[in-house]
Amino acid sequence: MMLEINDLEVHYGAVRAVRGVSLVAAAGRVALVLGANGAGKSSTLRTAAGFLHGESGSIVVDGEEMRGKRAHAMVRRGVVLVPEGRKIFAPLTVEENLRLGGYRASRRDVSRAIGEVYEQFPILGERRKGMAGLLSGGEQQMLAFGRALMSKPRVMLMDEPSMGLAPSIVQTVMDGARSIADSGVAVLMVEQNAEAALRIADDVSVMTRGSITWTGVAAEASLHAVHAVLGDTALE
Amino acid sequence: MSTAPVQDERAPILEIHDVAVHFGGVKAVDGVSMTLHEGLIYGIIGANGSGKSTLFGAISRLVPLVSGTMMLDGTRFDRNPPHRVPHLGVARSFQTVRLLDDRTVRDNIRLGHDAVGSVPRREIEQRVEHVLTRLALHDVARRYPSELSYGIQRRVEIARAIVTRPRLLLLDEPTAGMNRHERDEVSELMLSLKGEGLTQFIVEHDVQMMVDTCDYIFAMNTGQLIAEGSPADVIADKRVRESYLGGGDDARDQ
Amino acid sequence: MQELLNTATLGSIYLLFALGMALAWGTIGILNFAHGATFMFSVFVVYLITGAVELSMIGVLLLAALIGAAISLLTQLLVFQPIVRRARSHSSAELRIILGGIGVAAIPLAIAERVTNSAPFAIRSSYEATVFSIGGVRLSSTSLIVIIVGLTIGIGLTLWIRRSKQGLALRAIGTDAETAEGMGVHRELLALGTMAVAGALAGLAGGLLAFQLSAMAPESGDTLLIKAFAMIVLGGLGSMGGAVIGAYVLAGAEMLMTILGQGTWVDAVSFGLIFLILLFRPQGLFGRKEVRRA
Amino acid sequence: ADPAEPEPAASGDDQCVIADEVIVGVVNEQSGPVSYAGVGPSDGAQVAIDELAESDFFGNGTTLKLKIADMAGDIERASSEMTKMVNDPSVSVIIGPASSGPASAVAPLVEQSKVPTVFTQAGSDGVVIGDWTFRTTPPTETYYSAGLDWLKDHGYEDAALIYDATLPTFQHLAQEGIPAFASERGIDIVSTQEVQSTTQEFSSQAQVIASENPSAVIMLITATPSITFLNQLRDSGYEGQVLATPSQSGQNMAAGGPNVDGIVYPVPFSPAATSGVAASFIERFQATFDRTPDTYNAEGYDGLMWIANAIKEVGCSTPAAIRDGLAAVGAKGFEGAQGPLTFENGNDVRVAGTMIEWSDGAEHLAD
Amino acid sequence: MTGWFASNVILIQTTLTTTLLALSLQIPIRLGVFSFAGIGAFGIGGYTAAIAMVHLGWPTYPAILLGVVVAAVATYILGVIVQRLSGLYLGMATLAFTLIISVLAVNGGSLTGGAAGLFGAVGTIDVPQILLIVVGVVLVVSYFETGSRGRRADAVREDPSLAAAMGIHVSRYRLMAFLASGAIGGLAGAITTLRRTAISPAEVNFGLIVLALTVIIVGGIGSWVGVLIGAVVFVWLPTWVAFVGQWEDLIYGTIVVLAAVFMPDGAHGVIKMLIRRLRVRISREPRTFETAALPSIRAVRDRPDSRGLVRDGVDS
């Protein structure tokens, strides 16, 4: 399983948000994308998930060109996004949110997966019948993450999955992402919490103003080096 | 609970006594008391769902109290309707960005000042220009929130809160979605606001940043205060480490 | 007893009409003001067809449902879907969906009025009503069918929306269509399906009411539209079960005024009742509280 | 109205002649929910115009022509179209809206702008309000007594009344006319039920009547709901006589099926007439439109004939002259499609009323 | 011109009163208060003015004033009663209010003239006077649409609790919406009635609500400009499409549908967009951006104007 983004261009009217970005997420690996606010990270992920269609370039899943396909089609191919800003279904209950995450999965798989999510995030289990919109910010983030796990994706796109989470839960989520990758899923993660994410990432790219300006293997990329790059881009 | 010496020299600005907020069976805030003194930066840390945002909601009077009293400059305000609170010099930002989609960034910032204070219009415009500069938002002043990346929207959220020049500023996760450098910048901003005498009350999950920025930290768990004091003391507290930092040693490095 | 049966009949009439509307409104958030016109026009087309060939009751109902589904599908494809696609958010589309429905409704109405000169029309069918009389209580076979079909579909839809995966997906679309798509929901397809079902229900209701009321006029759908709106809101938006209860509450109130011999106060009292209920239950009888965290 | 009132502009002028072409404006319901009440009169008027042209009624080749404006049943539209019509110098006389609301709304305008206007239907109080407003439809209550006469003659002694209280005509008839007519004739009104124009289901009302089982039911309900009511009345086991209203006339009961059979109602015009103007009108209408004329057609015909007689009477076709002519003809009366016509105050028609029975899908003279 | 005016005077007058009627819905909806009470106020204002003239023999202007006051007070009281309601639930409650007004009129006996309504309320108000009144109302309304007043209204609509947190007295805004809607609706009803000289229960119906809704949505709820455009379109449409004769409703339906689909923010939105485009062209704003190169906060920190937010600002 593999997701390849080649030479992607995404524009919003006159704004060129993504300019010739190429990224690879391979099964079993966590690819991490870092970058300043407005660099174009979310735009890239949203295009890969089928919410945007981009101007040119290609998005290849398992050898098949998928750019321009709609999000529901991407989900059917196993590509799932944890969206920026949680985007939980506020008036539905926690459990209903999770069930929706498993919309494409069989009933039996769903029940099992729900159990797993509750195990990972016990607070969600306590609130299963409560309305999702009433959860605290961090609880909602857990729900968004758990919901994406429900469909047993093969490519997992995560847009700042640790946002608003307490440090201990950040750890849980990062460990979760690692173990998903280890189970053979390709993970492409955008994260601002570079410290936490670098610990579990395999590959790292830094995005600056719509382009990839630095790539490397996480093991070699010290936090310091990455920060230097990020700091530079910010000052540019 | 002990009161750290750092607070004593200054006049108290916000005094909260035994405040509780319940939602049905959920005791989101359960008997919290605290005193904030003028000109310092206070922080709250605590696990997800421990009641931090709800406490902010209580202070801004958006959620009703079950019990307790709150005083601002020695005057009780826990019976005030929410729209009175900004007039008392308290401004806030929200954990989830709440901007008007049909209005430009500049208009959204202006909104912060629309109902507060009797300041001449020219003066308001100057203040708006000033915060636009201060948060480096000039280039997007005419854009609409939905056209901005998440991190930039957060900056607008902060800008709207500080444009009124409040006496007490509540910021709920102001740097969520920002990277280390961007956070440092915001933290520098907060320190410079402190230099101008602004009292600030901040919720953040970035412990490092809280330690670097705050003068005094409260730690919450399941609706109650479990520790307070200087950043170093609170981080070292066993209960805080267990409930919040995730126990392990590496949490301290963060 | 007789009064109860009459209330049940009236309530079921309202319910049949309102079900399709409640379905589209409560799930995918489409308040279809053309529902009344769809209802009427299905019967109208059947009326034109039965002018040439006589049909059985089943034939009439099937045909009406089919026509209703077709009208509703067209409306969705040509009007509502483009509106939703162009809108920044669903809430910004809401008013324009109402407007689109108003526009669509004018078209079949104009055609039917033109053809019939606004005279009543009735469908020809081999069905003949019989009246059962047990212990002084009278009930026509048509009423019986209306009650049974109304309740069955009402309860069936309630359960389906609450229990099924598609029902859940529909509610998700109504909340946040884009994110729902990110769950793998094909929102256009599902919305089309929903509208087709809603339209078929309008047609079915039209067919049944054509039997129950014996005749219809081009404007027949309009009065029902307001009442349907009332009972759906009364029951609580998004709750099919609420719509079912709402229909019988409204019918009960109307029936009571009729029994009390206050025929001209029927509307005032039934709307007044709805008003009062809303004062005490601002979210309708079974509606969920709107969630908005401070 | 006082025909002697001096009118400076017109009738005093000896030079005034009948124009070669006289334009009759029509402002009524050509579309919308009651379009039958607007299209009907204009069709009837057209038949009259053709007849006049054929016989060279004026003896000088003058022809009449309709200028039709649609107000679609809307009050604002009626006012607006009416304003245009009275400001149109080519229009000498107008046939006005059929619904009471719009008609009473434009009546003051007519009086103000002094273009004579003949209304059809529009039975309420505020329509014929001065010297310039006329009406060729008798108010229902003026001939509805024929219905109660019929009941009495056929031996019915008690009746239940059900009426749509949201319609002015029916409300008026039910509250003032019928109680008086009934007591005059010794008919007992055993119960009265009110319904609204939004009422669609009548089981409960029907059962009340069936349980009281009076010998007759007086039903003042518009066409579509009346079919529902009649069917449910019969389903409730009631077998007595039903006395209805002109709303049930024309083709309105064609959709009603067998349960409607046998109802009777008074109308100002009888499509089954076999003699006089009525018969020749029916024949002409049938030849032109290939269907039986109804009340609305007859009213239009009579309205136009009234206008033609008026023009001939004063020998002049200015609006003011036509007004004088209408009043003069009105004072004398004439025979129209609705039978011998007399006019209250010289401007508001009265007819005897004919009883119609609906049976086998058609209207017949009731015996 | 005078000939045109004379024969279209009713249309002009109707355009003006329809504008008022539609404003009575637009004002609350602009504030996020989904209320149809303005239509009920139309009925109350109309009946009150007619009663004042017919039964009490009052002259035109006092009668109109009474209509406005009674309608405004009634709607305000309604506003207080339904304070807890919002969204479509509020819509339903106010719809009920409006329909009940019409039932009350039917059952009002000689006071309201029953189903037939009241006749003979011959007001002496002419089109120039109505124009003056409408201009006055529009001036007031437009004052509340601009600048900070407009922004506050937007906040109250889009996010009431945010608005409260910004210091806006939300519930007062809502009540004011009811009051304004009642007064303007009452004004529309009183003027319309006295011009027509009559009012009947059948006029205060669902159709009137649909008309007002159509006008404001096609025009755009953002501003009185849209309301005016909508009123002009729907009042004059019949005369423009008169050539299709009896198929007019078909044209009407089609136009409404097209407006719904192709004008997301109504006619007013289209105008706003055109103005914005024009402005961009004039102001030489860059047509294409590289990805927004937003400077970091730190980069501007040392600029002199970024110093001193609270104490050493202009106010010290």
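Order as written gives the chain letters A, B, C, D and E; numbering starts at 1 within each chain.
In this section, a contact is a pair of C-beta atoms (placed from the backbone, for glycine too) under 8 Å apart; a residue touches a chain by one contact, two chains touch by 3 or more.
In this text, all values refer to a predicted model and were calculated from it rather than measured experimentally.
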item	value
Where chain B and chain C overlap in contact partners, by chain label	A, E
Shortest contact path, chain A to chain D, counted in steps	2
Of all other chains, the one whose Cα centre sits farthest from chain E	A
Euclidean distance of C-alpha centroids - chain C vs chain D, Å	37
Distance between the centres, which are taken as Cα means, of chain E and chain D, whole angstrom	40
Separation of mean Cα positions, chain E and chain C [Å, integer]	30
Separation of chain A from chain E, taking each centre as the mean of its C-alpha atoms, in whole Å	46
Residue numbers of chain B (touch at least two other chains)	53, 60, 62, 101, 152, 155, 181-182, 185
Chain E residues counted as touching two or more neighbouring chains	106, 161, 246, 248-249, 292-294, 296, 298-299
Junction residues of chain C - those touching two or more other chains	88, 110, 113-114, 264, 267, 290, 292-294
Complex interface listing, chain B residues touching chain A	23, 45-50, 53-54, 95-97, 147-152, 154-155, 173, 176-182, 185, 205, 207, 244-248, 251, 254
Of all residues in chain B, those that touch chain E in their complex	60, 62, 81-87, 92, 94, 98, 100-103, 107, 110-116, 119, 123, 126-127, 129-131, 133-137, 139-140, 143, 152, 155, 160, 162, 165, 181-182, 184-186, 188-189, 192-193, 196-198
Complex contacts: residues of chain A adjacent to chain C	49-51, 70-72, 75-76, 80-81, 83, 87, 89-92, 96, 99-101, 103-104, 131, 133-134, 147, 151
Of all residues in chain E, those that touch chain B in their complex	148, 151-152, 154-155, 158-159, 161-170, 292-301, 303, 305-315
Chain A to chain B touching residues, read off their complex	12, 15, 34-39, 42, 84-85, 123, 134-139, 141-142, 160, 163-171, 192, 194-195, 227, 230-231, 234
